[in-house]
Amino acid sequence: MNGLAETVAHTLAPGLLYPTGGAILFALGLYGLIRRHHLVLRILALNIMGSGVFMVLLGVAARGEGAPDPVAQALTLTGIVVAVSATAFALALVVHLTRLTGHAVMLPGPPDDDAPVEDISREAHHADGGPAESSAGEDRSA
Amino acid sequence: MNVLLVLFDLVLLAGIVGVAWRCLASTDLFRAVVLFITFGLLLALAWVRLEAPDIALAEAAIGAGITGALLLVTLERLRSIMAERRSGRRHTPPPDPTGPHALLRALHDPPPERRTFLPALTFALVVGGLLVTALWHQPQSVGLEPVVDAHMDISGVDHPITAVLLNFRAYDTFLELAIVLIALLGAWSLGRHDLIPARPAPGPILPGTLRLLVPVAVVTGVYVLWAGSHAPGGAFQAGAILGAAGILLVLARPRQLPMAPGTPLRLGITAGVVLFLLVGTYGLVAGHGFLGYADAWAYPLIILIEVAATLSIALTLVALFVAGRPAGDDT
Amino acid sequence: MIANALTVILIFAGLVFFAAGTAGLLRFPDVYSRLHALTKADNVGLGLVILGLMFQAGGPADILKLLLIWVLVLAAGTTAAHMVAQRTWTHGEFESDR
Amino acid sequence: MSLFYMAAALFLLGTILLGLVRVLRGPGSGDRMLAAQLFGTTGVTILLLLSLALEESALVDVALVFALLAVVAAVAFVRQHGLPEPPDTPIHRQPPDTPGPERPHDDR
């Protein structure tokens, strides 16, 4: 009984609780990255994965007695600034892609993976415009 | 006290994971963005619990000030581009901006397909499970804290994180500044920026608030930069605060973005990297190794680099927000 | 001792206002009435908590910092409420593209 | 005393999580933005309480930064939907109980 209480107390210490939460966030972001098609949502998923990594780093740094590891904290600090500038660049790319193709949704691949490469290039679908493809993007992914 | 702390941790983590889950499950992009802003707020609280006030400070400036505005303005740009394309199409009737189906899909992601459910779930579960297992069985170690602590007196500053960032591992910081610069070059390579296609709210309230907020933001930025030598704070946090203040100014300007003159802007944006490189090369020539300082010069050099880095980060973040080369620049 | 008691009382009163603000956010019928939660309840709640924390502050600099935080939150809340209300008024509560 | 601060912070965290219902349910984007703004105020209070409970005076600076930048997202929000409306556009307000097709889609 005593051992159980000790295990629970050990498990609930921030040094173990937060890394676990970070791992869950990472897996969640990975899941969202695979499942969602809108590029802005995918960027959000990448950011959530990154936050999971930061949480793991900081949680491991805060383990044990005494002050937390300053090197891990400094790395996380650089990581946050890099993440925000990468996000800004990615969003600029999404805006540019939308201006070129008219949509910001990454379409799922064709049903059979052996299809020739030309079929996957969607720009031809969307570049010329016309009623036939009026909502091809939405219909295919719906 | 301990029970309360554990309860706080559990509630906070449940909130963070729940908000992230609902954010990624949203079909409405605006809702996802608002949830992401809340996610940033909760993360800052988590960093506080992990004894990382420096990170919480950066997260506050970036999460509250920069990411939210960036995402909301991106949504608005996407919406206006799609509206333009749709209205330019020949065979469809001109869209009614108030009509039910006009722009229904612009900021909307259809729910994911069924066939990706099982593979994605399995993959995420396996990766997450492996991570958790590895983290739970990681051996206890003291980390680098004693090493940093032992060398604090030659670092030139009193705050361990600033010492690591600008002295012990200045390499990281230098490359980080370079990466931020490269991200900006990438954004600029896409061409001119789009105007933010909307007017700010007319009336005296927003300008009045700006007149209060912007000076306070500048003072806070300088204060945080100064505090970095002995307490949580430093160049990144100060740069993020000043950058957010700049974004606020850009957002509040009616219709037109401020025309930044090209050359001073470029000089300011590259100041951090260039100064870092000069100091590093000097250290190499003087025999302290690349990016090494003489002990007596450490403090003034660190302050000099931090000021330049703050300026560069703030300007770069604003330029990334505007996303595009400055207007009136024909190279 | 008296300072501690005052702190507890003021923070407790602040929490009541926060609870009222959340209840308002959840229960009021439309955006305009929900604005009350932001502009009134939570700002008063923060004011009370800050007033309570001032009794624990170390010196005049800390007190000034706390006051500055309250002023900034007041300004932000006012501006945000004004802008959200104005936008809802001109664009309608439900936009056509979501 | 720090026990009391911690309990108060926990209570405020609870109100944030309750308020999330408003973000999830909407119905309008104004409601969601309003709720996010409200979380900012609550978050500032939690940080101030934690700074006393955990005896970390730097958290006051974090709260200061949050208070300073709380307005940025709201200003970005107002800059949405600025395409010049035609002069004859009716303000498309409709009663909340009309199940119009432009009701925000709720996927829960």
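In this document, chain identifiers A, B, C and D correspond to the written order of the chains, with residue numbering beginning at 1 in each.
Following the convention adopted for this analysis, a contact is a pair of C-beta atoms (placed from the backbone, for glycine too) under 8 Å apart; a residue touches a chain by one contact, two chains touch by 3 or more.
Computed from a predicted structure; not experimentally measured.
Asks: If each step moves to a chain the current one touches, what is the fewest number of steps from subunit A to subunit D?
Replies: 2
Asks: Which chains make contact with subunit B and with subunit C at once?
Replies: Neighbours common to subunit B and subunit C are D.
Asks: Counting in whole Å, what is the centre-to-centre distance of subunit A and subunit B, each centre being its mean C-alpha position?
Replies: 16
Asks: Between subunit C and subunit D, tell me the centre distance in angstrom, where each centre is the average of that chain's C-alpha atoms.
Replies: Spacing between the chain centres: roughly 11 Å.
Asks: Can you compute the centre-to-centre distance for subunit B and subunit D, using the mean CA position of each chain? Integer Å is fine.
Replies: Averaging C-alpha atoms per chain gives centres 20 Å apart.
Asks: Report the inter-chain centroid distance for subunit A and subunit C in whole angstrom, where each centroid is the mean of the CA atoms.
Replies: Roughly 33 Å separates the two chain centres.
Asks: Enumerate the residues of subunit C that touch no fewer than two other chains.
Replies: Counting only residues that touch two or more other chains, subunit C contributes 68, 72, 75-76, 79, 83, 86-87, 96-98.
Asks: Please set out, as single numbers or ranges, the residues of subunit D touching at least two other chains.
Replies: 29, 33, 35, 40, 64, 68, 70-71, 75, 77-78, 80-81, 92, 100, 102, 104-105
Asks: Could you pull out the residues of subunit A that touch at least 2 other chains?
Replies: Nothing qualifies.
Asks: For this entry, which pairs of chains touch?
Replies: Touching chain pairs, listed by label, are A-B, B-C, B-D, C-D.
Asks: What part of subunit B is in contact with subunit C in the complex they form?
Replies: Touching subunit C: residues 28-30, 79, 83, 97-100, 102-104, 106-108, 201, 203, 205-206, 209, 212-213, 216 of subunit B.
Asks: Touching residues of subunit C toward subunit B in the complex: what are they?
Replies: 68, 71-72, 75-76, 78-79, 82-83, 86-87, 96-98
Asks: If we count contacts the way the header does, which residues on subunit C are in touch with subunit D in the complex?
Replies: Within the complex, subunit C contacts subunit D at residues 4, 7-8, 11-12, 14-15, 18-19, 21-22, 25-26, 29-31, 34-35, 37-38, 42-43, 45-46, 49-50, 53, 56, 58, 62, 65-66, 68-69, 72-73, 75-77, 79-81, 83-98.
Asks: Given the complex with subunit B, which residues does subunit D contribute to the contact?
Replies: Subunit D residues touching subunit B: 2-3, 6-7, 9-10, 13-14, 16-17, 20, 23-24, 26, 29, 32-33, 35-36, 39-40, 43, 46-47, 50, 54, 56, 58-59, 61-62, 64-66, 68-73, 75-83, 85-86, 89-90, 92, 100-102, 104-105, 107.
Asks: Could you pull out which subunit B residues touch subunit D in their complex?
Replies: 1, 4-5, 7-8, 11-12, 14-15, 18-19, 22, 25-28, 30-31, 34-35, 37-38, 41-42, 44-45, 48, 51, 53, 56-57, 60-61, 64-66, 68-69, 72-73, 75-76, 79-80, 83, 97-98, 100-101, 104, 108, 111, 196-201, 206, 209, 213, 216-217, 220, 224, 227, 231-233, 237, 241, 244-245, 247-248, 251-252
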